[in-house]
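Next come the structures, one after another.
What follows is a pair of complexes built around chain A, which joins chain B in one and chain C in the other.
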Partner chain A sequence: MGMKAYIVRRVLLFIPTLLGVTLLIFAILQFFTPEERASAYIRGTPKNPDVIYRVIEKYHLDAPLHIQYYFWITRVLSGDLGIAKSAGNIPVSVALLKGIPATFELVIFSIPSIIFLGIYLGIKSAVNRDKASDHIIRIFSIIGWSLPTFWSALILISIFYGGLGWVSAGRLSNEAYGVVTSPNFIRYTRINTIDGILNGQLWITIDALKHIVLPVINLTIISVALIVRVMRSSMLEELSKGYILTAKAKGLSNDVVINKHAKRNALIPVVTISGVLTAGLLTGVVITETVFNYKGIGYFAAHAALQMDIPSVLGFALFVGLVYSVANLIVDITYAYIDPRIRVE
Partner chain B sequence: MKSNSRWSELKKSMSPTIAELKFTVKRIRESPLSIMGMAIIMFFAAIAILAPILAPPVNENPYIMPHDGWKRVPKPPSPKHIFGTTSGQYDVFYGCIWGTRTAFYVGFEVVGISLLIGIVIGSLSGYYGGIVDEIMMRFTDIIYAFPGLILAMALVVAFGRSLESVLLALVLVSWPTYTRVIRGEVLKVKQTDYVEVAKAIGCSDFRIITRHILPNAIYPVLIMASLNIGSVVLTAAALSFLGLGAGESFADWGQLISNSRDYIMGTAANPLAYWHTWLIPGLFIFMFVLGWNLLGDAFRDILDPTIRRR
Partner chain C sequence: MSQIVRLKDIVVRFYTYEGVVKALEKVNLFVKKGETLGLVGETGCGKTMTGLSIFNLIPSPGRIEGGEVLFRTKEGRIKNLLSLDEAGLQRIRGAEISMIFQEPSASLNPVYTIGDQVSEVFLTHREKALLKNTIKKIDEELQESKGELLKRFILRFEKNIYERIMRNKDPLLIRILNKIPLIRRYRRRLEAEAKKQAISLLRDLGIPDPERVADMYPYELSGGMQQRAVIAMALACNPVLLVADEPTTSLDVTIQARILELIRELKRRFDTTVLFITHDLGVIAEMCDRVAVMYAGNVVEIADVKEIFRNPLHPYTKALMESIPQPGKEYKTIRGVVPNLINPPSGCRFHPRCPQAVEICAEKRPELLEIRKDHFVACHLYDGEER
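Coming up: the complex of A and B.
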């Protein structure tokens, strides 16, 4: 099977996944009565029951399931996920859109540090198998893997914000926040580090960076172990293969054998794991943002869950399900691209 | 005489298995990480068993924590409450001790039930194939389309806040993993000659699955499942921290931290004023999960056929 045929097949398989993701969220919605579901579309608490019955009728909330699904998915596709009561009665989709740049900023800064650190430590661990450095790296990565996200975040906050008085929790300091929300400051991307540069106010960028360092470190600590583990075992496997022995027999230096021969092949499995890494990050941001008071979509979801805000939590879950499915699609195609064996299957 | 020869035959046929098993045990004993993991788990098991002695229950249901008044502000450690109290004056020490039982209970129950579902659906799916298999696999795909904690969060919000909801949500997000592994193993074993022979001599499907296939397919998933206990407890703790746990008075590590969530940042003058409300229960969660993960990491290396002998 050629590359094109593989991509077409994989994209076609994506359609039932999308359908499944929406169906599952729709199924979870069925745990609630039509009245409860109707109140998801009303700002605040309705004063009069008639309002609820009008919404039920208008949105077909007591119709047979397939009809309900049709009307529900049409509304979802037009961006109507209900009202987020936990975020000041704004539509869920608006709340998500407001949070996405912040979360995106956090994730974009975390991914390189996780991947580079993970690959570096994984190789070091494999090359020095069963030596002291291998044991140390493994113990540290298992510790990171076992840390409750909120606990490591609390420890970091206590030491650096509380103990050393570095900065305070949040996305920006108060002064910077005042400037960013003032009318003179244009929020092109709502990503503060970029907007600071675009507005020619570098100190905003620096302020944003200072606030993002700890959340990034926290996400790195809890996710890096995944890459280390995969990189280590795939590197060990490559190092035991015949071509490595050949390369060594030719008299190539150890560095060349490791970096030019083994590392390249060992990187392939790391690509497959990036889907799982995405899941870890999407989960990690919910807790990390909550503890660091960093107002992205994770913070929004955690606060919604605390207040049992149904449309917000389900809207967030739907969004995450879609993002994760797209991420997996990209991973599969990349994998097929770099490893031709996959396409033949 | 006859039985003797059968015995020696059996011994001969089993000898590679026994040798491998001996090698595995040797590797485990040589691995300091797995010994450390085992020691940590033993320590927690001892706490769980000795809970009634370490922290004598006050209420009829020992999992309901006693509280010393109703004040919202947590109190620091004192001779009366050696780990201090949470918001609502629940004793942190009591919660940590009985929370150990909760952790084992959550871990074993979630893993046990998901494993059972996985074994039944996975073996039926793998053995019969066809439309049932197709439907089941698409169903697991859908669950896999969500990161576990986030789907569990949505499910707990739908089921209502309680320990049962947390357990059910965790089972619902974890059974597909076991189902897939079992199915894969069953597909492999199904091809073997002895299964063909069993079919040819007219064994029932039930007998073939339970007597011939499962005993040869179940081993990897059993190990995988038992080592997942740590990550299950970690997810449950995260749900509790998000306020979706068993409820304020229930002895659970994540719940203890959640109780004091308005205080964990300390006061403006002293950010570490209420350190005991989160540092101590968090340490219990961390050590418990660490124990299982140390054991799991060592096992993964030892049992991975591609790297085990190097």
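Coming up: the complex of A and C.
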């Protein structure tokens, strides 16, 4: 089958991509002297300069580049990315693993709502072109797109947290936080909604869901316009094509013509945008996270950058590269699933 | 001979930013049962729009603003297709009238297989027959599978659903079931049944190895094969009327001849009436029994094919005949240019280019009249108007 061969080929291509990402970050590292790079592996500021030289020797930081790269990539693969000084002198990998689940949780809930709502509204808009519903959808989605993230977030907070007093900001209520951090609650995934179920404490899940609703709404408001507009224009293009006329002349209902024939073709550009959007959200929801006091990976990266915490920033860059590579991989495979012509090259 | 379809005073306008395009201005036409009527004219004269108006499928921003399309259905009832509701039209489109378009690669959906697109027609218009076959198959399997409890349970469940669809019970429930991933699988039996019919149809159309072609996507086929698949979709339900809109224009000459031969053969076999749209007078001479000539949104002349080649009456038809390149003869063109249909000429739309135009031509629109038996012309030279 063409599909399987295509997936295998595409996954194999993923390996050199990752190699490229690591090479790029390694190249950036070379802007720093061996001493500076050595200090990334030391907690705090060493009193004795000998410590630095011992680290340089131990980690081969002054060896020829290819040897250096070999030792560096081995350390990276074993999870040693240095010490995150901005996050209280814990290893960068630990700091990343602390932040990623929170962001991941946020994105996992936002992306379906953004994509499905965007596709639905985009189709509605295209099918009712130039009618009232089309104008309304376009106006509201573009308003959402133009809102400053922090502003819409603050408005949501002041209405629902301040005015109506539903829940406070943060990932969990104080009570739930106490339970989650207690030793008899096992944090399997660090994603609270899932851990709540795994620990058999459903109220934790519900509590986490309550806290995630507003950030998700905020991300949806500001991102959905992108999908709506791409879906609308690509749907309009497909609806004017010959095969749509053929489908109608065959006597198919409008529902089949739109949701079977036009939609599948129109989805192709939307898949690209969705991939970029998902990767973008996973790596850069700093403002939403900050305003809602939802400490994820964006929050960590922003702090690290402000404090010139080089190992943390580079660790984050590695994460960003990985996320975009995986997103591209998924996008390419989805393409091939939708459009048979892509399976052959 | 009885008329299959009769177009009466069809008016089509397109509302564009540049102005209102008066694409069809009172088009009158009828097609007799069993014949092939050629519709000929220059590009942009409204041939395709005339074809599409039969389907009530004028693309936006166009609208049908007047007239009637009287169609005799298989049951022998006469319906005005322009006053039917959408559901009524959908029952007729593809089942009683169908259309083949110019560009086969554009008229097939690139992301679905040929088999899928052909069986869709059966699933839409022949659901009852497919359901009966499927239920019969399930009954057979039920008899064979004594003792296999799980299989019997699934078969019973599927049979239940099919019988519900058959009796048209709970259409909402069926619609919901069709959305649930695992349960949706029941449709596979129905789809397999439709695909079997699609394959046998493809075989009838002379497509080699139809089982394999059914699983292929349009891009994997040649233009000629694609057009065969499109013809298969059009003929799936034995339509009474087939509208073929320049079906061979985009194909190689050798394949053109084969597709034309195929259409002729199928017309005989399926007893279909054909409305053949083309700008190629050679194809007209080869394929058609009668010809209708269109100019700038009007039908100007209708006659038997021999009559029109031997004795064209309308000045435009005459000019058209003279513009056929012939060896040894001087090549003539029609003076002037095709008029802009936003501001079409008054009276007869051909008068600015007509060598025989007189005063009245610019003032009064000529009616399509039967000058001789079966020979209709819309021209003041023949209608006895005072000159």
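By our rule, the second predicted complex is superposed on the first by the 300 of 345 C-alpha atoms of A that agree within 3 Å, B and C clash if a C-alpha of one lies under 4 Å from a C-alpha of the other, contacts with A are read in each partner's own complex, and residues count from 1 in each chain.
Keep in mind that, in the parts below, a contact is a pair of C-beta atoms (placed from the backbone, for glycine too) under 8 Å apart; a residue touches a chain by one contact, two chains touch by 3 or more.
Because the structure is a prediction, the values reported are computed rather than measured.
Undergrad: In the superposed model, does chain B or chain C contact more residues of chain A?
TA: B
Undergrad: Thinking of the overlay built on chain A, is A:Y243 touched by chain B (first), by chain C (second), by both, or by neither?
TA: second
Undergrad: Looking at the overlay, does A:A302 come into contact with chain B only (first), chain C only (second), both, or neither?
TA: The first partner, chain B, only.
Undergrad: Once the structures are superposed on A, label A:I123 by its partner contacts, choosing first (chain B), second (chain C), both or neither.
TA: Touch partners of A:I123: none, neither chain B nor chain C.
Undergrad: On the A-aligned overlay, A:L214 touches which partner chain: chain B = first, chain C = second, or both, or neither?
TA: The answer is neither, since A:L214 touches no partner chain.
Undergrad: Does any part of chain A touch chain B in one structure and chain C in the other, and if so which residues?
TA: In the superposed arrangement, which is not itself an observed complex, chain A uses residues 240 for both chain B and chain C.
Undergrad: How about chain B: which of its residues touch chain A in the complex?
TA: On the chain B side, the touching residues are 32-33, 138-139, 141-143, 145-151, 153-159, 161, 230, 234, 237-238, 241-244, 254, 257, 264-266, 271-272, 275, 278-279, 282-283, 285-286, 289-290, 293-294, 297, 301, 304, 306-307, 310.
Undergrad: Can you name the residues of chain A that touch chain B in the complex?
TA: 16-17, 20-21, 23-25, 28-29, 31-32, 129, 135, 138-139, 142-143, 145-151, 154-155, 157-158, 161-163, 169, 229, 233, 236-237, 240, 279-280, 282-283, 286-287, 290, 301-302, 305-306, 308, 310, 313-314, 316-317, 320-321, 324-325, 328
Undergrad: In their shared complex, at which residues does chain C touch chain A?
TA: Per the stated touch rule, the residues are 52, 55, 57, 59, 86, 89-95, 98-99, 101, 103, 106-112, 120-121, 124-125, 217, 219, 230, 233.
Undergrad: Going by the contact rule at the top, pick out the chain A residues touching chain C in the complex.
TA: 240-243, 245-254, 256, 261, 264-265, 338-341
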